[in-house]
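Below, each structure is written out as structure tokens.
In what follows, subunit A forms one complex with subunit B and a second complex with subunit C.
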Partner chain A sequence: MSFVPAAGFADPVTDANASFRAVLNAMAHPGRLFSITAQPPAPPVLGCGLGSILLALADRDTPLWLSETIAVPEVAGWIGFHTGAQLVGDHRMASFVLFHAQDRLLPLDDFSLGSPEYPDRSATLLIGVERLQEGKGLTLSGPGIESTNRLDIDGIGPEFWQARANLAPLYPLGLDLIFCTQNQVAALPRTTVVEA
Partner chain B sequence: MRDGTNGPQAGSSGPSSNAARARWLAILAQAPKQVLKEAWGRLEAKPDYRLIRAPETGLALVRGRIGGVGQRFNIGEMSLCRCSLAVDDGQGGEVAGHGYVAGCDQDHALYVALFDGLMQLPPHGARLESDLIAPQEKTQADAKRQSVETAQASRVEFFTMVRGE
Partner chain C sequence: MPEGYNFAYLDEQTKRMIRRALLKAVAIPGYQVPFASREMPLPYGWGTGGIQVTASVIGPGDILKVIDQGSDDTTNAVSIRRFFSKTAGVATTERTIDATIIQTRHRIPEHPLHEGQILVYQVPIPEPLRWMEPRETETRKMHALADYGVMHVKLYEDIARFGCIATSYNYPVLVHHRYVMAPSPIPKFDNPKMDRMPALQLFGAGREKRIYAVPPYTSVKSLDFEDYPFEIQRWDQPCALCGAADTYLDEVITDDVGTRLYVCSDSDACQERQKGAA
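Right after this comes the complex of A and B.
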């Protein structure tokens, strides 16, 4: 039998707005957790947190790159059907890059960092994690944080933070990171300083 | 409105079945909703279905060559409704049905998607072909022929007399 995709948002307008608002709030308050209330029946390997964010953000103008563990036909079909976004084989072309914390890490400076004229054309990394917790772990500072903020991100090692810190001198070029579990999201825009 | 048309074309398997499906989708999309509603009411065993994309209304840009010559260009936008659902095939599987219709009648798109799904299932497909698709095809062809004949009958040929001979 041919492929039949799962459904998308139960209430497309409200759920997309709420998911977009959660990402917007997370970007405005780096390291603070926000709830994702929508529960679309996304393929399990993607999870409904990443699924909601994709349904809210991706469209046919945003090429996507999926890590090996996510790039199964079920996910590709679901994303293609509901968002119309193109899946690209070359991760340097992608606007959104999806992977899980446990996936093999690619060199961060290999992703699109934007150009000096258009730094907004950089890639946004959507990273699925098991657990996010405020009040311990990494120390965050920078725009959007009054003094410091603490966030514990499960499964992201020090080499990742080192690679991210190496991009800081390239500002305003850089990468924005969105971490999400099944129902929570936190973001680290390129301006946030992370100390282990 | 987002467009999923570059996603996987569910329920198709080769050029011949695509052509057959395009035929019945065109007939269904142009059939009045009332006809589809009655045909659905006549079905004895209504299959279960689940919505993949609930009926929604949006705009589509229509392009064409208005004068019949030159490059295609934007004519304007039209409203349309679409719906996608999965019809239970009664054997533990399901087939995808898609409906796109002109206008704002979301139920119309739902019925087209339902019948698109049913047409792919052998027991339903043959009966619907004789019960719904073929009669509608004839009705639509007759209506078109009649409107062409009416237009032809009122055609005026303009010509200019050659002067000065």
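Right after this comes the complex of A and C.
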């Protein structure tokens, strides 16, 4: 069966730069929303927010793990064609982990948390959500936040935040989270303290 | 832009690798992320780390300022500014407040930086413990265990020999209460500016192949002792050109009989103040 993947970035250099800057800003200002301006025709299951971040950051050096709902042939083909990233079946091996808010939650401490000498060798979770809203919801504090920020993330339940809080004592080991809608991104690095 | 180069010189694969390192660096403040530093068209020690970080971050809409020891018009600053206007076609400026990205060698501008700006430091030796422990395997372990006793011993030895902490540049800091970090060879005069700075601070060491970062509003504390608190340099006289009494001054020898004067090292801040006074 032959299939032709949809196009990637319209302008690979500036679109990748703009998408990266949105993620960098999000990581530097946890809980604040930043726009993803590039709109590549990514498969709808993936969405162009997650699609843009993958095109900007993934390549053959970054093993990817996709949740069941995302790992359809259309998505796998599109990612493989544009980034060359290897899809792995074992989520513990992945440097980028993709899932949607409504997907079944895997134990967070099962993902790669890095090692004491190399805490950067840890997974980054890319999480597709329906809606992100500033000014209400969770209260966030930590590096990158002047006093506190508030962020509402649609579809992420308390058990997820409990599992994330359980990782905090392991710092500097940990997971960095990037939440993404079709055109907005927010990030919670491992240093951010989340209160419901 | 000349033909034959990718935007901002580096190829996209290299930028992706550096971008991933930058994101982890921001997520773990003060921790040194190894990266696959590339050969650049200038020697190590001339800012290859800072240039690679800037090249991976910069976009067509950015306005770049480059300073070398505070000055916009020394060789290193002029060359790097020209490098990016050639390879990326970006706008450049000498004014601190107009810049979106400031690449610096050994100074933090006097004018407070604002949110949204990115300060890129050129770093020669990223490992603050390197002079005490030459083995990378050991310094990794010391950071992993937050075992920073040797750094306090070094500062103590200063006090024992000189009666004060004589370290005056590259003065070690503790970032987010966890990692001891080399602030690069900025004078300790600039250390307090790093603490809870609204701008994002990125550090690139090309030869040593390390990237690290301090996110905005992050605690950066200069190491000291209760009875020997951290102090910054002071001068007996103001800047001879603009009259500022609260800036970092360079000593300039003006003739062959030893006449000297003290002037601001930050050329933009000095000129702005002279204009304001005129």
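Heads up, the rule we're going with is that the second predicted complex is superposed on the first by the 195 of 196 C-alpha atoms of A that agree within 3 Å, B and C clash if a C-alpha of one lies under 4 Å from a C-alpha of the other, contacts with A are read in each partner's own complex, and residues count from 1 in each chain.
The rule is short, and it goes like this: a residue touches a chain if its C-beta (ideal position, glycine included) is under 8 Å from a C-beta of that chain, and two chains touch if they have at least 3 such contacts.
None of the values given here were measured: they were computed from a predicted structure.
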If you stack the two complexes on chain A, which partner ends up touching A:Asp59: first (subunit B), second (subunit C), both, or neither?
both
Based on the superposed arrangement, let me know which partner A:Pro12 touches: subunit B (first), subunit C (second), both, or neither?
both
Touching partner for A:Arg21 - first (subunit B), second (subunit C), both, neither:
second
Considering only touches as defined above, state whether A:Leu108 meets subunit B (first), subunit C (second), both or neither.
neither
Looking at subunit A, which partner touches more of its residues: subunit C or subunit B?
C
So in the superposed three-chain picture, is A:Leu125 touching just subunit B, just subunit C, both, or none of them (first/second/both/neither)?
neither
Please work out whether A:Phe3 is in contact with subunit B alone, subunit C alone, both, or neither, and reply first, second, both or neither.
first
Applying the document's definition of touch, where does A:Pro172 land relative to subunit B and subunit C: first, second, both, or neither?
second
Figure out whether A:Gly77 sits in contact with subunit B (first) or subunit C (second), or with both, or with neither.
first
Dual-contact residues of subunit A (subunit B, subunit C) 12, 59
How about subunit A: which of its residues touch subunit B in the complex?
1-8, 12, 59-60, 77, 80-84, 86
Okay, in this complex, where on subunit C does subunit A touch?
6-7, 12-13, 15-17, 19-29, 31, 33-34, 56-60, 140-141, 143-145, 176, 178-179, 198, 200, 215-219
Per the touch rule above, subunit B residues touching subunit A in the complex are 2-8, 10-13, 50-54, 56, 84, 86, 89, 93-96
For the subunit A and subunit C complex, residues of the former touching the latter
12-14, 16-18, 20-21, 23-24, 27-29, 56-59, 61-62, 115-120, 122, 124, 143-146, 171-172, 174, 176, 189-191
